[in-house]
């Protein structure tokens, strides 16, 4: 079975392959049978090894010993290289020299199961509903998902990716709900991945998505179990990576990025209202500064009579053109956000206060920026934080800069053209063969009420696709 | 030409494609054009023109329906022979490009006069052309999807047009028919010349899902919508402005909006014009697309992208080197006459050829 | 990659050369109101209310002379550091003398031709000189110079002056079957006041009405606005004020041969808002009130119609009705000559339907 003459040869081979110091071996002789147990100390749960392997083995004799090994081992292996692979994943390997001199290799799962306790993801808090978040262990994540969806059609497919990292990746979907074309596409792309290491989901995403240069995220990342389950139930795919708490969901549409599990926890009218507010937030976050710039420097006749004098007064002393003024403030806000994000909560808050209140006030007093511009920029920043998806939030923030530049050259005309290009781009984008801007483009009126708004479950048929 | 299932467009998309091809820059000045011929009976003229347009559309439909999987450039050779068909194909391509070029000219003119007087018109052309090329190089399905989305602006215009009704004088349309039949027909002629765009049907027909009768229904619906839409707008202008006044205002719809103010935003005309650009853009894109498809098939190529780029910049260059607005007026008048040939004349002729061929076939 | 270079280069080119039309709000002085006077030698004096930049003070009044209003505005620019901008203009005041010259559309052309000008600005005729009018106002009440249009808007709502703006007077002037009436303002000592309506024949100012007469004229022209009050004598030495709730006008036109008979039938429901005594619970008294009020309004209406005909101002739109419904007659006559001569009768009935919270 094994191409090694003796235990000694095998041990030499394994030790030569794994020169690391934490590889340990134990030699046992039970009832004239020679056993060698290999394991990597740092990956192995010693208690498990003792309780589940050593103590049963030491109690048995002769024929029974083989049976015991059969019953406790998860797999018999046929090459030493395979054994090395399993050792690296935390298994213990037993090599057994039978009486006829034949060597056999057995793999026993003794991996230590350290993991974080299940808690609510910090970045995706919701008000009510399930608060379970995913953790960094693939098997636990799968367990959490399976618990949510007890469906015989829930399929898990494992892949091992990364020539260096050899990371375990799982593709999860509900067979009866997914689109077969998309399934073929996804499995094909996953199977053909050639990469060195998979240490973050972005690596995987960039390799499998249609358009790696896309401005918009073509996949959704989430750490919420209920969000994963809801998306699976809508016929999407989830890709879980061992060692990462976030799950990739695909294919997504623009509007599904704007949905949050909260919508479905609220009553449908409230849920729809919140969702429409978010879409309005998108429009505000992308166009408001541009609109303000074009109004203040091209078309101030748009300002109502009652407002014009006060706006006129507030911009009079500003030395810079509105575009520069806006850039100063936008930059300040982005810096503040970036500064606050990684700091301890307490410091983060004080940065918010220093930035928001002190700088905001001082900048107006110093006459660098007009107070209307502060309002505009603040409103824009708030609107951009409304987006439930982290990556989309970043895209939305970037989008407003080209629009601002265009509007400072062509006024409203520039905004229209900028926005038109954005719309064309959205119409063009496809995610795994599915139009990204669905159901607005191509237009499906019936689906619209469940993507722009959230229609009641009573009206809702069973979703598909 | 082979048509992939994915490239097919639905009938809803066809409807909006026709709408967006037809409605464009012309609508802003149509009331003025018709009014200068038919005076206060302009709205009757537009209704009459609607009938003419419907007939034209039916001719185009009938012609296309004989070739369910071939577009204009495909079936011309089977009807006209090798050399003549080439000539007619080139004719159509030039016509499509000319319309696109005219749209560009008028667009530059209106923007320069209304919004950006000091911006070089080349920059304005460039903005429209580059954005259009970006869209026109895509497949038909992307273009139609875009047409569907931006059609949301049509109801916006309709709602805005309801506002002036409050301060309009319905009495201005009376007595109905005062200008006489001749003037009304003249206005109708003028209108049917300026409402073009549905002839693009000849190019996109094989891509539409559904059978001939279903498509006919969509076409009839779109012609009905267009007729009512245009009539409403013209009617609105006639009752808002007094006759002598309307004769001095080339863009009555914008002028009308300019005189209204809303609480939140004053000068709604600027906002409207900025949005309306998108509708102008779709007209330009659709013609550009049709032209580049034509060139593609003329040279038996597989991809129309490069031709779109070339055609777009050709329009840009021509527009840049076009002289004053009187020349533009002349070009516009000439193109109106030419459009009659390409929209109704040639399709009718081709239809007759088909019937004659059929007769001969039956005769044998 | 080549494409992105091209895009980047184009973007830079645009950025460097761009902003052709940029017109920063901070670099302009907003024109909030304009008064135009006629000066001998075919010149105009333009008095402009412009906002001040860089100092918090009420707007300033600057007068300039020029051969046309546009010319005067260019001269204004020479007096200012920043560019004057008329896109937020709210009111145009024409002096009586200018309006009597009979070519107001020529004077106003600058407001119609400019794509940026505000067509919804109010317009008014000023008794005396517009310059004096604005100067008095800006001396006594400098804060309010920017809000002169509010006074007109408020009066419009009370049916004291016609509801017109720059756009609508052009429509009216260019319509052969209709004439316009504009707000008429003036100084009473040093107070700015609404003096009633200015009557136009075509582009020419031909007469004026008092505020009370203007209200009646507007009622006859079926242009009742939100609120309309009339104070009429009810007995000797006793006046009653009524608020017109509803008014219905019927215009009957009968061309018989060469002559034209026009009758206006005006029916109104009214609410008594001031009446020192009187018993509204008694049906007979109310009927008597109704009768007296109707008669008084009739008298007033006859007077107004006389004045309108004397000014040759067809603000009632009789000519428009003729064009629409009797076009053969219209084509025969010269309406400008015919209108002052025609026979217009009016019959008004007023009906008190409410009387406040007192009986």
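Which chain is which? They are A, B and C, in the order written, and residues in each are numbered from 1.
In the analysis below, contacts are C-beta pairs under 8 Å (C-beta built on N, C-alpha and C of every residue); 3 or more make two chains touch, one makes a residue touch a chain.
In this text the structure is predicted, and so the values were computed from the model without any measurement.
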item	value
Chain at maximum distance from chain A, centres defined as averaged CA atoms	C
By count of C-beta pairs in contact, the leading pair of chains	A-B
Chain with minimal offset from the mean of all protein Cα atoms	B
Distance from chain C to chain B - Cα centre to Cα centre, in angstrom	42
Distance between the centres, which are taken as Cα means, of chain B and chain A, whole angstrom	47
Centroid spacing, where centroids are CA-atom means, of chain A and chain C in whole angstrom	65
Interface hub residues of chain C, defined as touching at least two other chains	14, 18, 21, 87, 118
Where chain A touches two or more other chains, by residue	301, 303, 305, 410-411
Numbers and ranges of chain B residues touching at least 2 other chains	115-116, 119, 123, 261, 266-267
Touch list for chain A against partner chain B, complex	299, 301-305, 410-417, 420-421, 423-424, 427-428, 435, 437, 440-443
Footprint of chain C on chain A - complex, ascending	296-298, 300-301, 303, 305, 308-309, 311-313, 315-318, 321-322, 405, 408-411
For the chain C and chain B complex, residues of the former touching the latter	14, 18, 20-21, 87, 115, 118-120, 165-168, 170-172, 174-176, 178, 317, 320-321, 323-325, 327
Contact set on chain B toward chain A in their complex	10, 12-13, 111, 115-116, 119, 123-124, 127-128, 131, 134-135, 138, 141-142, 145-146, 148-150, 261, 263-267, 270-271, 274-275, 277-278, 281
Touching residues on chain C, where the partner in the complex is chain A	11, 14-15, 18-19, 21-26, 28, 30, 51, 53-54, 56, 87-88, 90, 116, 118, 146
